Amino acid sequence: MNSIEKQLLNEPKRIVQNVITAVILFAFIMWSLTAVDLSNFTSNGLDIAKNILLGIVTPNTDLLFTFNTNGVPYLLVETMAIAFLGTIVGAILAIPLAFLSASNIVPKPVAFLVRLFLIFVRTIPAIVYGLMFIRVTGPGPFAGVLTMALTSIGMLSKLFVDVIEDLEVNILESLESIGCTPFEKIRYGIIPQLSAMFMSIVIYRYDMNLRDAAILGLVGAGGIGAPLIFAMNGYKWSEVGSILIGLMILILIVELISNKIRNKLVRGY
Amino acid sequence: MIKFQNVNKKYDNGYEALKDINLTIEQGEYVAVIGLSGAGKSTLIRCINRMHDISSGSLLVNDVEVSTLKGKEIRKLRRGIGMIFQSFNLVNRISSLKNVLVSFVPDMPIWRKVLGLYTKKQKIEALEALDRMNILDKAFTRVDQLSGGQQQRVALARTLAQKPSIILADEPVASLDPITAKQVMTDFQRINEEMNMTIIINIHHVDLALEYATRVVGIRSGEIVYDGPASEVTEQILEHIYNGKLEEELSGN
Amino acid sequence: MNILKAKSVELPNGKTVTFKRSKAPWIILVLLICFYYSVQITGFDLQVLAKRIGQFWVIIGDMIPPNWKYLNKLWQPLFDTIKMSLLGSILGSIFALPLAYLASSNMIKNKPVVAAFKFILSLLRTLPTLVAALIATFVFGIGTMAGTVAIFIFTVAYVGKLLYEAIENADLKAFEAMHSMGHTTTSAFRCAIMPQILPNYLSNAIFCFEGNVRYAAILGYVGAGGIGLMLNESLGWRNYANVGMILLLLVVTVYIIESISEYFRKKLM
């Protein structure tokens, strides 16, 4: 019994630590609760919520199945095109930047500067780029493509760098031993290692860009966002419903397909 | 007392795991269940605490009909029966003591359950259980840092803390080396003798079964083909239980 | 010779080897077609870009140097943004737990229930945060409440999905032992599964918070409060020195939060 009581006293005391954590967490919640402002909430809001739900249940089928440039299908295709081109342009730009920020390839100060630059590029919200590019190309999907390209660079190059820094270098040694030139070493030693992972990352980013492209319309950079906000501002809930349904189905399908392809690329099945 | 009367067990896919089992085990017996893999050993002991349902017949555990119990009653039955597994089935990321304390959780008020707060009395009981298994010094070590034998002892301590009258053990020594396996079998023997607990063990190692258990039940494709004292098991009986595959079975493990 | 046809080669020793038919030409063809039509749809034009890209640098030039005097007005909206994402992330992560539990096929044996909760989680995930914020401003009125709701929804969906994947991949051995001791399924989950998934869960919640700060920064654009509101205003007035200040503040804030979050996530692993 004595040894048991002794061992009981040896129990690591986590109480102080746990209480401090709990107090800090509680303080954070209290602090952030001050941001909750319900003064603008009116019974009107509930009506609107009900209307939106009704709109989704009873969508405007004309809009959903019209195949001209105002219909949902065309807008979705346009959104997909923006995301597609944006991802490709972004990926092309990201590759050199990734190599420039990989510390096993370029000198440390260069890598650091490029990384700092990438943090900047990554943090600036898509909408700011959107508004800036509208000044360049005028409103429309072209501005959307450029925006997507720029916002993709940050994440793509960060993920690319991780892959590059994980490269197997001993394969290069064996290629050298059979007399390969540097070009041949890159072509047959590095590219086969990188391409599957890069493809997988690019597809993942396309999946994300599709969601982002859907909101670019809010600033006039093409895609399905603009009709959505017009419909909402005009309280046309059944139009809102059909746009949201189209968007959700599209995103679900693209996610499903991209997961399939990525599994195949990365794991080989 | 555990009493099987004409118990049958058929799986959903039509496989008959147990055929007309009649078996009575008195309080305080140390029983080893032996037989080929897939003969129904595991199914037999898992019926006792309703981890498996029986298809027909009657199964009494301490005069309670097990097959008709529902929800809460099943959990009450299980509180009184301890279970030990081949791979120990401990929660890896937490300490030995916390693993033992888990056995008090079903009887705790909900707020204690959610916060994971135990009383001092419970902690002492848990430490006592660990002490009984001689691993008091490992109380605050994470179980994934213990050896296999030590982990099985923590699992045994967890079961003891439950204060069961019966302990079921499903291949408790199959993942241990021969020396540790003997120690664990001795632990079972000690618990059996000191606390008069019924112990029912499924076991692959025939020699260990014969050495430690007092009674042996042999199962062959779902039927009991031998039931008697361990001392009376002969080579012939083993051949019969193992269907002439004794050599294979032993070399396979 | 048709490049798409499977090729058989007879080796000198008489054995034949059949090469697998390569899918690469098809994939490249499909990608080229997509590329062509995407260019058509979005009006992508390198000439326009080359001619007008100067505008982009003009805006960047206007942002530098940033308007330091504006900083004083930014603290309050910045804290609002952080509060929004903090509250939304904490509540969302807590709420995700029961949803993830109900969506795990190894915990809930009722298949329709599992399918329904999985569907709800993926449906919530398709809703772009900005669109959710937009809807929330209609329901809860303009202000931080709308932003908090949008972040809450996104967090529930994101953390919920990762959590149910973790639960479904968890080791069930201890869980089985709990059942044999007379625990209910919920209690067995609390004792056997929670300790396994907790580090992963907290790490995902923190990661989600990090991303949410970034998202919260633009929610103000649709009137959902925080620093996005100031961003929207400054962009509207074309006061790019102010925009530069906001972006700089954002980058620094996000960088600090990322560093803190990375520290804690490393500690958890």
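Think of it as A, B and C in the order they're written, each chain with its own count starting at 1.
The rule is short, and it goes like this: a contact is a pair of C-beta atoms (placed from the backbone, for glycine too) under 8 Å apart; a residue touches a chain by one contact, two chains touch by 3 or more.
What you see is a predicted model; the values in this text were computed from it and never measured.
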Per CA centroids, the chain at the heart of the structure shown is C
Between A-C and B-C, more contacting C-beta pairs sit at A-C
Greatest Cα-centre separation from chain A belongs to chain B
So, in whole Å, the Cα centroid of chain A is separated from that of chain B by 51
So, in whole Å, the Cα centroid of chain A is separated from that of chain C by 6
Chain centres from averaged Cα atoms put chain B and chain C apart, in whole Å, by 47
Touching at least 2 other chains, the residues of chain A are none
So, in the complex, the side of chain A touching chain C is made of residues 25, 28-29, 31-42, 45-46, 48-49, 52, 77-78, 80-82, 84-85, 88, 119-120, 123-128, 131-133, 135-137, 140-142, 144-146, 211-212, 214-215, 218-219, 222, 225, 228-229, 232, 244, 247-248, 251-252, 255
Chain C residues touching chain B in their complex are 171, 173-174, 176-184, 187, 190-192, 195-196, 198-199
The answer for chain B against chain C in the complex is residues 49, 51, 74-79, 81-83, 85, 87-94, 102-103, 105-106, 113-114, 116, 155, 158-159, 162, 168
The answer for chain B against chain A in the complex is residues 97, 120, 123-124, 127-128, 131, 136-137, 139-140
The chain C residues in contact with chain A across the complex are 34-35, 37-39, 41-45, 48-49, 52-53, 55-56, 59-60, 80, 82-84, 86-87, 90, 122-123, 126-128, 130-131, 134-135, 138-145, 148, 214, 217-218, 221-222, 225, 228, 231, 235, 243, 247, 250-251, 254-255
